[in-house]
Amino acid sequence: MRPNNRPAHQTRPINITRHYTRYAEGSVLVEFGETKVLCNATVEESVPRFLKGQQQGWITAEYGMLPRATHSRSQREAAKGKQSGRTMEIQRLIARSLRAVVDLTALGERTITLDCDVIQADGGTRTAAITGACVALHDALSKLVADGVLKQHPMKALVAAISVGIVAGEAVCDLEYVEDSNAETDMNVVMLEDGRLVEVQGTAEGEPFSHTELLTLLDLAKQGIQQLISAQRQALNLA
Amino acid sequence: MRPNNRPAHQTRPINITRHYTRYAEGSVLVEFGETKVLCNATVEESVPRFLKGQQQGWITAEYGMLPRATHSRSQREAAKGKQSGRTMEIQRLIARSLRAVVDLTALGERTITLDCDVIQADGGTRTAAITGACVALHDALSKLVADGVLKQHPMKALVAAISVGIVAGEAVCDLEYVEDSNAETDMNVVMLEDGRLVEVQGTAEGEPFSHTELLTLLDLAKQGIQQLISAQRQALNLA
Amino acid sequence: MRPNNRPAHQTRPINITRHYTRYAEGSVLVEFGETKVLCNATVEESVPRFLKGQQQGWITAEYGMLPRATHSRSQREAAKGKQSGRTMEIQRLIARSLRAVVDLTALGERTITLDCDVIQADGGTRTAAITGACVALHDALSKLVADGVLKQHPMKALVAAISVGIVAGEAVCDLEYVEDSNAETDMNVVMLEDGRLVEVQGTAEGEPFSHTELLTLLDLAKQGIQQLISAQRQALNLA
Amino acid sequence: MRPNNRPAHQTRPINITRHYTRYAEGSVLVEFGETKVLCNATVEESVPRFLKGQQQGWITAEYGMLPRATHSRSQREAAKGKQSGRTMEIQRLIARSLRAVVDLTALGERTITLDCDVIQADGGTRTAAITGACVALHDALSKLVADGVLKQHPMKALVAAISVGIVAGEAVCDLEYVEDSNAETDMNVVMLEDGRLVEVQGTAEGEPFSHTELLTLLDLAKQGIQQLISAQRQALNLA
Amino acid sequence: MRPNNRPAHQTRPINITRHYTRYAEGSVLVEFGETKVLCNATVEESVPRFLKGQQQGWITAEYGMLPRATHSRSQREAAKGKQSGRTMEIQRLIARSLRAVVDLTALGERTITLDCDVIQADGGTRTAAITGACVALHDALSKLVADGVLKQHPMKALVAAISVGIVAGEAVCDLEYVEDSNAETDMNVVMLEDGRLVEVQGTAEGEPFSHTELLTLLDLAKQGIQQLISAQRQALNLA
Amino acid sequence: MRPNNRPAHQTRPINITRHYTRYAEGSVLVEFGETKVLCNATVEESVPRFLKGQQQGWITAEYGMLPRATHSRSQREAAKGKQSGRTMEIQRLIARSLRAVVDLTALGERTITLDCDVIQADGGTRTAAITGACVALHDALSKLVADGVLKQHPMKALVAAISVGIVAGEAVCDLEYVEDSNAETDMNVVMLEDGRLVEVQGTAEGEPFSHTELLTLLDLAKQGIQQLISAQRQALNLA
């Protein structure tokens, strides 16, 4: 049995709170059960050097975890003087996932940075971050439209992410920490509402996994993504 | 006139929320108006090397600000690879202030780290951090007593901190950002309930200040501290 | 058409040269066409701190690219003072892939480090690195057996990796640089000979990809892996 | 009794040697007893980026301590690869103190950097540094006037700094190391000749201090500052 | 006796392989016996800031050693986050040696970087690097001439480097690792074909060395350099 | 003509002041004309890890230059976060030079660190540093003997260093900055009183130099070293 008797295909309770802080152009607190990530979107009127003069914008992301977001305290990356490989991997994933749903040419020569900071961690922080950052980004882009800076909204589709995995031989959706740390296979899936894939990252933590297991996990992910995008739509008051 | 017609001696609305996150031994969200700081206390069963074998404990602190806590985004210190001088100055101040009210011998050979992370900044983040961290530390110590690890509570008194300053020629208490950035003199005061001082840091940003102005500011600080300690007592359900 | 009229399912010429340098316990130069990676395996009689006393070994990896392995020179990471996110991501992937095929308990309390240094890069450096490192690791483990340190060889299976992707609308196997930089979808697959998966990482660089496309790519990867494992077997003189 | 029977209100012997090195625009060795700090002022014809085009100058400071300035050797910050929090705190204090007495608009778009390097440390290095740097800065500004670069001297007043504290229950002025390391309360005061304050930093190292004690310390500081400014005037041949 | 009965004045077998990698403007694998260094020359159309507008070019060098080039693994400098003093010393020496034989004005405002990466180390890596880099640089310059970018070849002479030393009381040429680590005196000599010196670096590892010993070593070096420059000429098909 | 009509073979005025600071076990200010270097020797009762248990001591050195030791200000290495290649090269040279004259076995398991900090620089800082550090080291060792820690003085000979070079076609001794920056050839020689060599580092800055020129420079160096060692003897009151 999963904790709280949660069915295998069921996500944890999802909460998306917009306008969580005052100053960012988009600010979302996303909760996947006890996992809580604050996603702030900042618009800046410039692009990185490699894009100068190319008449397109850029989406980037940074990820951090408060030292005591977890059961035991981890060292502050600012104090260590460098970001871990895990942090860099995650922030690259968030940025790629969001760029996949934005028309960068329509954005014009500006950069939107998504700061995803984990307030509390109970597994699935990267998938929550992508899911919340999508809403924060949507708000920041809507503001550019409302302010007359952009003529049309450059977001092409909503995107969400979910972790799926095999725990004690069973395929389950949206793993919490106690499941994640015991999973034999762990897979993060970034998907659009129409089921098309932006990113698939599956890892055998124990035994390698079969083609059939992969298909089962993808199917579970698809179900979870539907629940997440539905929560995003509701938060954004989209039809 | 101050923003919102606030009287010169009045603090902003103070909110102290305990148990804000789940895992830390003490976890407090402190709000001074729009300034919001999360203060997490972590207990570890060891002391820094310079205290090994001396049969006393240690209190330390780290301070951070989320990149978009402020009106414009600041670079993430973890990405820059080092903490700024301002950050180091503040975290040293927080730690000194808290050590002043704890009987380190009664704490035994353990370390309590206070992580103070600014979620939203509107002036006075360091004074809010000290005021909130005192409550988080109290909770962490109470837990050690409740768990039977300590016989008596090692906190000797509550401590709080307030900023006072001279803005447009007038002495005011608990400056918000728009005041702080225009202050001629800026002073942070860390004080006990009985009016004794733990730390005084006064800085002339424009003209030097007179002895008389210093006394006026100290008096304002004393009034503000009463309000803060009263809020701490209420949050902690102390008489 | 692909460069050199290469069929979609065909890998580039694969060369695996063992004993490429003199001092490492395993030393392999692996070539996927013009991509050349030197994989050196080092055995050390200790384990990282988090494994001390747990009676198991560890496999780790480091990845680097000579500054002029590519068409234009990139800055040396040692001179910059830090490894890029891409480098860290790759070396974590190499290490996870190899740990999946080694019985770490049978290895005993020792660490094997795989240094994968790219001499020349024409796409697919991480997949070549995994494929070559597997052979270098096999040699290092065989030496431990031959020296009487280990009773049985702790490698459970051969593992190889291939990149597959969609280029100009067509699914192709083992992308070279000119293909990789124009791919709409890019997927790295780490697989055992029996088709079970160790790692799948698929990324939409342009349009999201469909479930069907994913299946096509996985099938292509499987064919490529067969060719790679066959080359590994031949190099190792295994039946 | 204090070391050498020094009365409570008395500073150590103060020596200020101008033109200590040849190349700097201002170069002063300041001695507070056995504490010796070399203060070099450098004029550069540019301002930091945040001041570009604002038709004003800037004063900044850096602080360092030779590894064997103290009783036991401390690690060289250049070798450690970063400056400590203490170093940053001190150099920020020195710079603020000097900016308070210079008309930055009259200085024009140029930067003066004060390098304060401790040759020998016996307590009070930051107060000696401020006191000596004021003289070095005065010399550098005088040179700009003498060279016809500036029409009038931009220094508005002399500034000096002194440490005061409570040691063994007694308030004393200009603490040397053996006193400083045993002080219950420690306060650094930066003051003009007319008694107005630029900076006050008081810290309870042991018990908190009372309002009355604060006043006693400020009074002692005022007496010490008179002695220091008198020494500055003499060194500068000012009336 | 030396290893392999090598006579005192004899270098190890020298091999110089041009066009070792595909993309660099000059790419040479140089072998001094078991020491193998890959030297890649990169041409860039800019100069460092301190040379901007001075109508001359620049030659620079970087040196690295693969972690397992040696008998035991050394830590990767990119992972440590800094280059060692030894690395910096060597790359500065390589660059100075090559600048001595190039007419920097004839090169025009461009920079050539020599990346010297040690694939396998058995003593004399810095002398092999200089000797190989000279050939790689010659090729890169020839390409600039062939492409019509330069009218005449800016290399004024070939340069090579050799290590000589006193081992077990005997002066020997081109020390391999086992000799180098036991040498009483160790000297690296960078010389032109006509015997003129570019650099001499002699170090007493044990006893100081006499003037006479210095002369003997210089004479041995001269003989070794003849063999090296002859190998360079042959590789470059120069008369 | 040289500055101040100094003859080619003549060093600048040499001053060696012992006991320059109070706390170091050896403390020497050495002056070669306007070049002034403070050399402090610190004794510590431990050895680096690679020497643990080998019953011998170690001599190491660190070098730094105050930011305004020179005509224009250079950036502080502690602020940059790393030491330059030049700094590392020099401190390695100082340490090697001193180790050559100490019986490390007689020193026992302790480390002596020589901190050489340049107060003012007018050429020849590394040679002045070696010359002064030798005296500071002698004092530190004498103190160990006087304190009864060592039975006999472990210094086997005095060592000094001088720069020689070819300036405007003429060989000269002890170059000052204006000569050094125009030298065609520059050579640093570390020598014992008996003329035996510890280190020779000759570099062609412009044209390569001939064997004959090398001999002329060595002869000049020998004369300079006599003057330096005579000054060391006088400072140490040795016969």
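When the chains are written out, they are named A, B, C, D, E and F in that same order, and each has its own residue count from 1.
Methods note: contacts are C-beta pairs under 8 Å (C-beta built on N, C-alpha and C of every residue); 3 or more make two chains touch, one makes a residue touch a chain.
For reference, the UniProt names are A, B, C, D, E, F = Ribonuclease PH.
The structure displayed is predicted, hence computed values, not measured ones.
Peer 1: What chains touch chain C and also chain E?
Peer 2: A chain counts here if it touches both chain C and chain E, and no chain qualifies.
Peer 1: Fewest touch steps from chain D to chain F?
Peer 2: Contact-graph shortest path, chain D to chain F, evaluates to 1.
Peer 1: I need the rotation angle between the copies chain E and chain F from a CA superposition, between 0 and 180°, in steps of 5.
Peer 2: Angle of rotation between the two copies: 180 degrees.
Peer 1: Which pair in E-F, B-D or D-F has the same interface as C-E, with over half of the contact pairs matching by residue number?
Peer 2: It is D-F that repeats the C-E interface.
Peer 1: Average the CA atoms of each chain to get its centre, and name the chain whose centre is farthest from that of chain D.
Peer 2: Max centre-to-centre separation from chain D belongs to C.
Peer 1: Average the CA atoms of each chain to get its centre, and name the chain whose centre is farthest from that of chain E.
Peer 2: B
Peer 1: Distance from the CA centroid of chain B to that of chain E, rounded to the nearest Å?
Peer 2: 59
Peer 1: Chain C to chain F: how many Å between their CA centres?
Peer 2: Those two chain centres are 51 Å apart.
Peer 1: Can you pull out the residues of chain C that are in contact with at least two other chains?
Peer 2: Only 81-82 qualify.
Peer 1: A student should be able to answer this: under the defined touch rule, what is the ring order from chain D, with chain F coming next?
Peer 2: Read from chain D toward chain F, the cyclic arrangement is D, F, E, C, A, B.
Peer 1: For a test of understanding, state which residues of chain F touch chain E in their complex under the given definition.
Peer 2: The contact residues of chain F facing chain E are 82, 84-86, 88-89, 91-92, 96, 100, 187, 191-192, 195-204, 207-211, 214, 218.
Peer 1: So in the complex, which bits of chain B are touching chain A?
Peer 2: Those residues of chain B that touch chain A are 21-24, 27, 34, 36, 38, 40, 42, 44, 62, 64, 66-73, 76-79, 81-83, 87, 113, 115, 117, 119-120.
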